[in-house]
Amino acid sequence: MWFTSDNAAGCPPEVFAALAAANANCIAGYSLPPSEGANETPGYTSGYGTDPLTEEVQARIRRLFGHPDAVVRLVTTGTAANALALACLCPPWGTVFCAREAHILVDECGAPEFFAHGSRMLGVDGPDGRISPQGLRRAVEATGQSLHNMQRGALSLTNVTEAGTVYTAAQTAELAEIAQDFGLSVHLDGARFCNAVAATGATPAALSWRAGVDVLSFGGTKNGLLGVEAVVFFNPNLLENFDFRRKRGGHLLSKGRYLAAQMLAMLEADRWLHWASHANAMAARLAQGLVARGVRLAYPVQANILFPQWDAGISSHLRAAGAQFYDMPAPEGTEGARLVTSWSTTPAEVDAFLNLFQGLRG
Amino acid sequence: MWFTSDNAAGCPPEVFAALAAANANCIAGYSLPPSEGANETPGYTSGYGTDPLTEEVQARIRRLFGHPDAVVRLVTTGTAANALALACLCPPWGTVFCAREAHILVDECGAPEFFAHGSRMLGVDGPDGRISPQGLRRAVEATGQSLHNMQRGALSLTNVTEAGTVYTAAQTAELAEIAQDFGLSVHLDGARFCNAVAATGATPAALSWRAGVDVLSFGGTKNGLLGVEAVVFFNPNLLENFDFRRKRGGHLLSKGRYLAAQMLAMLEADRWLHWASHANAMAARLAQGLVARGVRLAYPVQANILFPQWDAGISSHLRAAGAQFYDMPAPEGTEGARLVTSWSTTPAEVDAFLNLFQGLRG
Amino acid sequence: MWFTSDNAAGCPPEVFAALAAANANCIAGYSLPPSEGANETPGYTSGYGTDPLTEEVQARIRRLFGHPDAVVRLVTTGTAANALALACLCPPWGTVFCAREAHILVDECGAPEFFAHGSRMLGVDGPDGRISPQGLRRAVEATGQSLHNMQRGALSLTNVTEAGTVYTAAQTAELAEIAQDFGLSVHLDGARFCNAVAATGATPAALSWRAGVDVLSFGGTKNGLLGVEAVVFFNPNLLENFDFRRKRGGHLLSKGRYLAAQMLAMLEADRWLHWASHANAMAARLAQGLVARGVRLAYPVQANILFPQWDAGISSHLRAAGAQFYDMPAPEGTEGARLVTSWSTTPAEVDAFLNLFQGLRG
Amino acid sequence: MWFTSDNAAGCPPEVFAALAAANANCIAGYSLPPSEGANETPGYTSGYGTDPLTEEVQARIRRLFGHPDAVVRLVTTGTAANALALACLCPPWGTVFCAREAHILVDECGAPEFFAHGSRMLGVDGPDGRISPQGLRRAVEATGQSLHNMQRGALSLTNVTEAGTVYTAAQTAELAEIAQDFGLSVHLDGARFCNAVAATGATPAALSWRAGVDVLSFGGTKNGLLGVEAVVFFNPNLLENFDFRRKRGGHLLSKGRYLAAQMLAMLEADRWLHWASHANAMAARLAQGLVARGVRLAYPVQANILFPQWDAGISSHLRAAGAQFYDMPAPEGTEGARLVTSWSTTPAEVDAFLNLFQGLRG
């Protein structure tokens, strides 16, 4: 009953199989006279993201998104993906408009400011963790444009949002259009993008570049990988020296094949969608059970995150029984929690958690 | 015959076994009533380096180095390890003294300058890739100390050096003492520290903190891991907010257990030493064979890197036969190369390479 | 009728006299054998703030504030004073709490973020341009304290506020105490500090260090100087390499004597107070006249800035008659303006402006 | 006998006259109905470099350099001029090639690294303080061009050099051509550009943009001003947000008219040339006298800086008599010094200094 985060889960066995295969078979462009093959140890390949597996990841992501020119780069954390991407979109004197709850604003200890050398993250209001169109328009208009002000920089959306809600393709497009009206490029923090696709039923393309997204942080870690995120530039004009930024950020891994292998494992056979759909289904099961037990949910449950609010005293009861989750602020007399499900959550776990409410008033 | 770099090799199977084990067994601090155990999927643990495997790494490194207070942090690249460490030792207006060939100066695209917000890497002369004591003293003394000058910051050594030579414990201590005379703290880039230990026969302690090293980048990636380096603070006073720097550098992985598992696999059963010793032995075999074939070596071969210089025309012959290596500058009429051996290099590969010289004049 | 800003005014003749005198007499520590004096051109002194006039400024400011250990540094702009000071108080991963309207947040194009390498300015609510105690407490408490969050850094007050109101000594102390409760140091942006002293009748000490201010940006430019601001550290422990920051910020002037001479001219014979009091008095005369003519004032007029709101159409009428001021947002049907008076504003100017309302409905 | 630096001198009276005039007459675009003129205090103008005097500076510099499109910005220090200019020419991961003795490398405490967010200053060899063409070519070629290396950024020349020598127009052009071959833009640190023009007899255009210089730091402070330098962009494509960089560097002065007034005073009636020529003439007189007294000069004296080397013991004798200068390294048995003359140096001072050698062996 471990619901603290989807990154508290381990990884599916397919990921380890892919790593081992990459280790065995990586002899890219390594053509030996047949007679000498016997002298070779397998597993060698070129470094720093120049290996064929990394190339294959780009080809696969282009296909998945139906975008033949997308440029793909791999890094190990969502924070790195977001901060490196934003540094390409926003000058040091620029403002990034994002949701008040956005990871880049609240949970990255200033990484975007660090990588962009001093830019500013500006929280925009909106219901249920989403930026509202009016909120965005108002926030951008309120940003001064004289030499004395931080300038307008970029829009950064998050889908799945930090509140566990999703933007539909239409909602994404509406915000992206406002951004474009003001000349802002659009970043999408997709640490849980697979869950958003699963939740909306939209295609990856519809939820990203077709809706106006220029750069996507396409998350793997929260969907079962050891630690891989892809930065996907749908607008390659915005790359602006991403590769130098990544290298001097210490985010260019020499053995890039092992990042690529993980990502390929997830892209294979629609696993990215199956894993995310499973996580969403477990969240729905949990939500339904909680509501049936009288628990209020602070936000609509649309993907794999829930924010239940139950009577005071219940949290410690649940924890005593082995449940793991984070506390959240909640109205007087109640206790708030955040529950996150993952590819790894089982129906049995969900039901065991729900059973803990027996005899209690949610 | 792949000798471009030790990071072109794959990883030993023990590493994958350790990853899989970590995936299965990670249920730290997760005590369930026995009857509910059946409902649990294994593999959960706390994130961001707070898991028990990461803790175990610190304990093991403390034991290995005989230093009960060392503080250990894991990151995925040597560039991140070096740059984050140096940012703690050197203010933005400080100078880091290092060898002219140092990775931090030549091969990190300015990562140390980025992480330390503008510090300066200053190349110091010395023979065979090592900083000479006189060279260091001269360089530090030449650094002005008025308000107008970049200030003195830190000393950064590299062992194994970029020339494939090693510092003995005594040589390390001599340089560290000079640094201390001038109030500089001492960083050691140990991307190939295991090879240096294997080469010198000194203990890890003797080559590091007992010789005056304050902070060590302890490399795993070039010794067989997928991508893990440990930053080891022997002088915890110098930590100065390392954790904030790591987080906002995007280098705090949520699933830290998989970094820890790799490092533990290497520390287990003295594998770190066996793997490095093997790489060194393969380099020695290669060096001996080359010398026997009349090839000159630009530097003494002391660890797992060689810089042969052979007659013009030979490089393309070798490559046509499947050998992989980097070109290096060399005297007129000759061709230079860099060959690196690894845990994965086989005697058969070495001999196959040497056999390519048949009928040639090195 | 030039009311755009107090920095649109020129400088009192005393300032130019002091500059000329500094030019003639600056032969510090320059003792010549009398017979050779004839060969000397006067006007030489040592550079980069080591001249005796700069030293004298520190002595005078210590006396003015009744603080024998204050450390004083001169720079040419308020932005530099604020940003350099804050960089000493707040790490790159720290948050500076300030008013929503604060110059450091709105009008410095990210200078504090630049000098502190990525810190964050956080706007706190409060009435009439002041931070409210509850607002401050709430904002600080809402700042997370995990490794993932930007940390708590410093409090920055502004007195006179951007709304033209002032903090009393008691109000300053109340906020500073809250800051201290949370371990934050306190910066005061005193671009118009002299006006605040004139308005409150408090002593400079009472409005600064006795109320808990650690570092003050003590403004000269808006009170009649060509371009000089003093950074005053009442808590010298916080200096943390200010001098290196200033030098590498390009803010250490070689001919520092001319900054010092200006500041001394202002400190001489209580001119700092006379000039500021005059500006405040002109603002009061203006306010009184406007109110008498039915104009609404958006904030209480306490120092030398007014925010009148008059009927739509009046602004262009005033401008056609030669009045200069900035537009401000205002309620439907009205027009807002900002008027600033200075040492140089005359009663005749004020009255001429007021006379423009003849026959109009404010 | 004050020869420490040209910035130890005061300022010519014409500068103060110009400041006072600017103070009195600055009522730009301020057209009053005549009858109300009596109510006006003179001296108002718009702020932040939008005043007519600042505009006039640009027009005058365009005329002086015969370049109708040059863009001119004023700042208060040479360090700011250099660092802000270079930040526009060189990315954070770029290398600036400059002389080993360059001010940007040695005397600015890392300001260029700070403003460009981590770029690298690389000292290039050459005789007499000048970069040699071969030295430059070699240094640029030695700069790696892989993703792992700091990239090639810009060339920065200094004229007058730190050794007191000058580049002719032809020498400048030769170096600029090499830079262009490698795609580098060219900055010229002209803190003593007026002295270089006076020394070479070349026109300002010939020594700058006609020779391939893209951006010039055109110094005023060392040629008699209180503290003003002009950044002159001959290639406006390179401006890249200079104005934002200046503002957030705290280098946009509100009362810009007083910077402009100083610069106009220097440009008026060829004073820039007269003052610099005088300084050069005084240096020549000093050099001639020293040589006649057997003193060796470390570098040819071509402008207003001398590096004499005299017998040990003489320095303290000179200082006891009231002479002021800096010590420099010198061959065994001798003492080195740096002497700088200025607009303010008198022949009598020079002769008094030379007379101190009576009875001595230089």
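When the chains are written out, they are named A, B, C and D in that same order, and each has its own residue count from 1.
We adopt the following convention: contacts are C-beta pairs under 8 Å (C-beta built on N, C-alpha and C of every residue); 3 or more make two chains touch, one makes a residue touch a chain.
Everything numeric here is computed off the predicted structure, so don't read it as measured data.
Trainee: Find the chain most remote from subunit C, comparing centres computed as mean CA coordinates.
Mentor: Result for max centroid distance from subunit C is chain B.
Trainee: So which one's got more C-beta contacts, B-C or C-D?
Mentor: If we tally the contacting C-beta pairs, C-D comes out ahead.
Trainee: Just give me the whole-number Å value for how far the CA centre of subunit B lies from that of subunit C.
Mentor: Centre-to-centre distance between subunit B and subunit C: 51 Å.
Trainee: Please work out the Cα centroid separation of subunit B and subunit D, and write it as a whole number of Å.
Mentor: 44
Trainee: On a C-alpha centroid basis, what's the spacing between subunit C and subunit D, in Å?
Mentor: 32
Trainee: Pull out every residue in subunit C that's touching 2 or more other chains.
Mentor: 92-93, 108-110, 113-114, 117-118, 147-148, 151, 244, 247-248, 252
Trainee: In their shared complex, at which residues does subunit A touch subunit C?
Mentor: On the subunit A side, the touching residues are 92-93, 106-110, 113-114, 117-121, 144, 147-151.
Trainee: What residues of subunit A sit close enough to touch subunit B in their complex?
Mentor: 1-2, 4-5, 7-11, 13, 16, 19-20, 22-24, 26, 30-33, 36, 38-47, 75-77, 79-81, 83-84, 108-111, 113-115, 221-222, 226-227, 244, 247-255, 258, 321-322, 324, 344-346, 348-349, 351-352
Trainee: So in the complex, which bits of subunit D are touching subunit A?
Mentor: My answer: residues 48, 91-93, 117-118, 147-148, 151, 241, 243-245, 247-248, 252.
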